[in-house]
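Heads up, the thing below is written out as structure tokens.
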Amino acid sequence: MKKECVTMLLAGGVGKRLGQLTKNLAKPAVPFGGRYRIIDFTLSNCINSRMHTVGVLTQYSPFELHKHIGIGKPWDLDRMEDGLTVLSPYMNSEGGNWYLGTADAITKNINFIERYDPKYVMVLSGDHIYHMNYEKILQQHKETNADATISAIQVPWKETSRFGILNTTESMRIYEFEEKPKHAKNNLASMGIYIFNWSILKRYLEKDAMLLDSDHDFGKDVLPAMLADGMNLYAYKFEGYWKDVGTIGSYWEAHMDLLEENIPLSMSDNEWLTYSHDSNFGPQLITENGKATDSLINNGCIVSGKIDHSVLFENVHIDKASSIKQSILFPGVRVGSNVVLDRVIVKENVTIPDHTVLVASPNEEPIVVSEEYVKEKLQPMEESPLLKRMTSNF
Amino acid sequence: MKKECVTMLLAGGVGKRLGQLTKNLAKPAVPFGGRYRIIDFTLSNCINSRMHTVGVLTQYSPFELHKHIGIGKPWDLDRMEDGLTVLSPYMNSEGGNWYLGTADAITKNINFIERYDPKYVMVLSGDHIYHMNYEKILQQHKETNADATISAIQVPWKETSRFGILNTTESMRIYEFEEKPKHAKNNLASMGIYIFNWSILKRYLEKDAMLLDSDHDFGKDVLPAMLADGMNLYAYKFEGYWKDVGTIGSYWEAHMDLLEENIPLSMSDNEWLTYSHDSNFGPQLITENGKATDSLINNGCIVSGKIDHSVLFENVHIDKASSIKQSILFPGVRVGSNVVLDRVIVKENVTIPDHTVLVASPNEEPIVVSEEYVKEKLQPMEESPLLKRMTSNF
Amino acid sequence: MESLMGLINLEHEHDFLNELTQTRCPAAVPFAGRYRMIDFTLSNMTKSNINEIAVFTKHKYRSLMHHLGSGVDWELNKRHGGLYILPPQENNQSDMSKGDLKHFCNNWDYFERNKSDHVLISGTSFISNMNYQELFQHHLDTNADVTLLTTTYNLSTEHEHCLKVDTATNGTVTAITSDKNNPHVFSGIYIIKKSLLAELVEKCIATYKEHFFIDGIIANLHRLNIQSYQYNGYSFMIHSVDSYYKNSLALLEMNNYKQLFPVGEKIYTKISNHAPAKYNTTSNVSKSFIATGGVIDGAVKNSLLFRGVKVQKGAVVKNAIILDDCTIEENAHVENIIIDKEVTVSKNQFLKGSEKQPFIVAKQKTV
Amino acid sequence: MESLMGLINLEHEHDFLNELTQTRCPAAVPFAGRYRMIDFTLSNMTKSNINEIAVFTKHKYRSLMHHLGSGVDWELNKRHGGLYILPPQENNQSDMSKGDLKHFCNNWDYFERNKSDHVLISGTSFISNMNYQELFQHHLDTNADVTLLTTTYNLSTEHEHCLKVDTATNGTVTAITSDKNNPHVFSGIYIIKKSLLAELVEKCIATYKEHFFIDGIIANLHRLNIQSYQYNGYSFMIHSVDSYYKNSLALLEMNNYKQLFPVGEKIYTKISNHAPAKYNTTSNVSKSFIATGGVIDGAVKNSLLFRGVKVQKGAVVKNAIILDDCTIEENAHVENIIIDKEVTVSKNQFLKGSEKQPFIVAKQKTV
């Protein structure tokens, strides 16, 4: 049946710069904010913006991701006529077809899009933390009569060299892209959110698919080709909180942002709910000896230590006389007694032995603790040389 | 969480011998029986046998199949702690991994199985039409203390050369496999349904994965290896209706079987329901001029012609003075007036022009009509040479 | 953007269907081979993007609750919005309200929580397959307080008891009457601004009224901007055994069928797991609906057979409406009849009502 | 294989919780930070593979229906089985039955359709986290007609009104009494053969009885094989404000917490979409539950805070149970208190009940 706009959510990225966090886990499935996974923010934006026809393109280690999104129930995207569809690479009579780039992933699912005969296609990525009403960008796209509209945000000038910069006229029409410029003319960076007129995008995708030297990427290939042909490309200026959690540093920072009393991204905003699963753990118990300040704590936690500037996902237990600062503890973490953690990220179900001290100094990257890390580096004996080093560090 | 038995349903086959019917469609997703798809029978067996932990392995053209099974809602397999999980090939840090054979597909999902720490693993295929209580084969497997149990059915002696034959002692212990023997000693054929002790299967899978010359197939590699090692392999004798719909001929025959007044496979058995989706078409209308005998007709059909020994899926319209015999019409088919069809299978949404005559004689394979077939061979003009040939044939 | 919530108000629906409404309210009466009356209103709401719907039930609503379940089959099982069945509340000594005003009063928190600015209120007796968005747009364009959905029927005794509407040339409603000679019929469906609903409900309760439409809307006709929106598609109203029977059989005309069930405009209902209908060698069916799960060995003519009906060899079914899971045994003859669920008509039995007044057989009997 | 269906019978549960049961039945009373009373029984049934459950509601069940919804959060929204809420039926002149027998009578078709051979019947006042399969196995092994789940409590006035059980050494029940000096307490949960249930229900109705357990089971004690199955895990019964308050605060002891909420043995409840609890710079929380959606700037001690509770700077909350979405404003002090949903305690307000008799604040107030 006909739909005005089909949303294609790219969730296949490897997320290499997240290192340990994306080992066997697609980046959109990485836990975030004490109860969510990164993709929950984008999926919640979809339902809150009434974008009901969503294809989610997966490729890399999708098991947890597929289990998490299912058919979209937590986001009310389990629908009879459209709703959420997972689009994984598949084999057909011509053989197997992995997705080669962001544009190629869409090209390989042209049949899916055509089913809904849409006027517009919106392309999103499942990698960012933000609240955005996609109805507004669609609105602008229609009003400006654009062929493509790119959502953009003003970034600090010193960071412009990390982004794709859009140079526009006063009316926001784009006349130039600069990919990670050394000396940017502008601080308006692309957020990787695009709206296209489908008939035009389809033509460009088919053309791009024939090019042998293309990376089949929107930012590198398709959009520059459209610009070169003089198509109407507009920027949509987004104002609000937006964070690319592409590195362990920025992932950690985004969590510290959540602990500020007033950031423009509230997960308890009744007008813009963030949806996710719930695993039905019991209520959280702060015991007689527990204390929590400037922290987010989820169900099933038992806290007998001191928590400060930290995020505890569900079912984390902290024993007495331990101190957790500026840290992020994933579901099922067990922290023994007399432990000190500062600027540490602990992965799911990891147990931190008693008396462990792990501190990353402010100029270091936060420490990511996995089971292997515990086995290799945190021997429970007090006399381990590494442990000594750590302690002295503190 | 721990589960006694995990079910792995192989639904990735290409189904080459079904020709047109599996063009861009996985075999388990091929429509069957007027309202179902082939895989519905196996999935309904799972829920009716209380097998609640099911992995469905897909690979070839899975789009319709994924859409159909979703998270298993029609079969009550949408469950919080286990339920149905679709397992498609994926990329991990070592690159892409297509499934190479039936055993390899299981090997690549060992992690999925281990999550449930099962004692037994049942392997099924989504290609067959039958009702079977899997609890019974599990029961026998436990009682005989088997390492593996293979479900088997007695086939007519003249067909033994098409099957894998199991030679057993009186106690049903298997001492020999014969793959498609010219002169079978026995008419007990494997149904491709296996139960294994997981710890043993895992060992054999890991061993098989290392063999460079293996096809990584249960029937060809893993089971013979187990037999050679003297493991306890038992046959479970199944009695009842079972049909491998592997060719267009057998697919058509299986439909004709359904029209018999008494076959041991009833789709309206309240004790063994066959579940599927429902698309909410209106009731079927047999008009003043319509007539239906020995046929199955689904919702949304409007019948003004004569239907005999045929199966009409939902939303099929037959205009007046047409005669449909021994044919299978998929959802959305439109048949004009004065049409004659005999031993014909018409694919989804195909329109058959007025005055078309299509007859396959009893010794021919049934004709499969797709949109391309109509375009190429059924010109609406009465004077088309082909049409003449057809008519004369009749 | 202005938005709309739905209310299906069963408080003032009468049990007109004799045996068929003995154990169920009219909204739950099976209709058209595979539906219940409420499915039409509910599906129209769903298709019109109304995804939060309240149902005021009055009595005999167990089968209605069972039918609606979680609302999943109408896509109403969502965390955002969904289906709310609001049964009558037990007496509260301090609560003096009556009729549907009692429902509004007891459940006002539900309306308050909802963010919609307008409420579409409907009964279940008006049967159509339509989208309410045009009606809503008309309501917004005319900045109406209330907009009534109206249609025009040929004058007949069938619509004598319906409310009729007089309008000025611009569509403004000038009177709502019971005039038997007015073909301009009110469908029972209307849209009202939620703020106005709140105000009128409060006034009605304060003055001990008991029927919101009569005491809140009609009584204030001249103080409000009430518009009418005329629907000219296929529709009919069911409020008697006679209209139930007549309009059911009328659906067997292809022209009517295609208007109520156009391909692509679905009416949703509770999903069953029945096999396709089976026609055996001796079956002889014409001008009939046969629902799934049916097994036909006999003759069926000008009839509607619901799910799971068996007609055995030699049996004759004519001008009949036969509800789910009935069996018409060998050589039985049933004609001009409505048979409720799970009835067995024994071998050689002969049952015939008159064309004007069909015979009704109550459910779970053997006759 | 023998199988079991569930029945949660609310017909004879009393509204013991004063303000807390003014608008809701006891089964729907919020409990333990994020649950309602019924969640424990319902989750235990689900975990015991009972997947078809009926609920006999009596009155004030709107919030219960809203809480249970489609049953999806307890995995009970299935086509096979599921959750059936059976509200009381309006009067039928020919129906003389009373009490829970009226429910059995009106809904007997439901029990008949079900294929289970045994029924587990429960109220909602017994709180535990257990699997009923052992109880069921005991029932089958002893070939009992009826098996009662029992436990032993210290003698205290708290269980004075519970039914007590005397047994022979082999576990056969010899008497069911109200003996205040018997510590062997009946939990209100029992399994009965369905065929026997049918027979006893019919007899009770024929003799105008109104309480199935008293008139059907106790009255026939010596004619039936009634067994007891002793449960020794953590449990308690709630049937007064006192036991509600006392047992709630007892959950703040780690030892009790871990017994009622062991990791891996989940109690299911309606899913909300609240963010994790937020503890700000000036928060000072000890020995307390803080549910999701909470924002804490003040001091909280020995208290249970439900979802979405805000405690502002300088506020003190002590020995308190505060239900969903309340706000305790700056410098307010609440102690020995139970505060129902959506209450705002204004700045500088001081509220204190006695430890023996906590003060209860009714919902949606500003104090």
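Letters A, B, C and D mark the chains in the order given here, with residues in each chain numbered from 1 onward.
Here is the rule we go by: a contact is a pair of C-beta atoms (placed from the backbone, for glycine too) under 8 Å apart; a residue touches a chain by one contact, two chains touch by 3 or more.
Keep in mind that what you see is a predicted model, and the values were worked out from it rather than measured.
Asks: Farthest from chain D in C-alpha centre terms, which chain would that be?
Replies: B
Asks: If you tally the C-beta contacts, which comes out ahead, A-C or A-D?
Replies: A-D
Asks: Averaging only over C-alpha atoms, locate the centres of chain A and chain D and give their separation in whole Å.
Replies: 41
Asks: Quick one: chain A and chain C, Cα centre-to-centre, how many Å?
Replies: Spacing between the chain centres: roughly 47 Å.
Asks: On chain B, where are the residues touching two or more other chains?
Replies: In chain B, 275 touch at least two other chains.
Asks: Two-or-more-chain contact residues of chain C, please, as numbers and ranges.
Replies: Those would be 79, 271, 273.
Asks: State the interface residues of chain A toward chain B in the complex, per the touch definition above.
Replies: 14, 23-24, 58-63, 66-67, 70-71, 73, 78, 85-93, 96, 98, 111-112
Asks: Quick one: in the complex, what on chain C touches chain A?
Replies: Its residues touching chain A are 75, 78-80, 264.
Asks: If we count contacts the way the header does, which residues on chain D are in touch with chain C in the complex?
Replies: Going by the criterion above, the answer is residues 59-62, 65-66, 69-72, 77, 79, 82, 84-87, 89-90, 106-107, 271, 273.
Asks: Where on chain B is chain C touching in the complex?
Replies: 33-35, 261, 266-268, 273-276, 278-300, 302, 307, 311-313, 315
Asks: Of all residues in chain C, which touch chain B in the complex?
Replies: So the residues of chain C touching chain B come out as 32-34, 252, 254, 257, 260-261, 263, 266-269, 271-293, 295, 304, 308.
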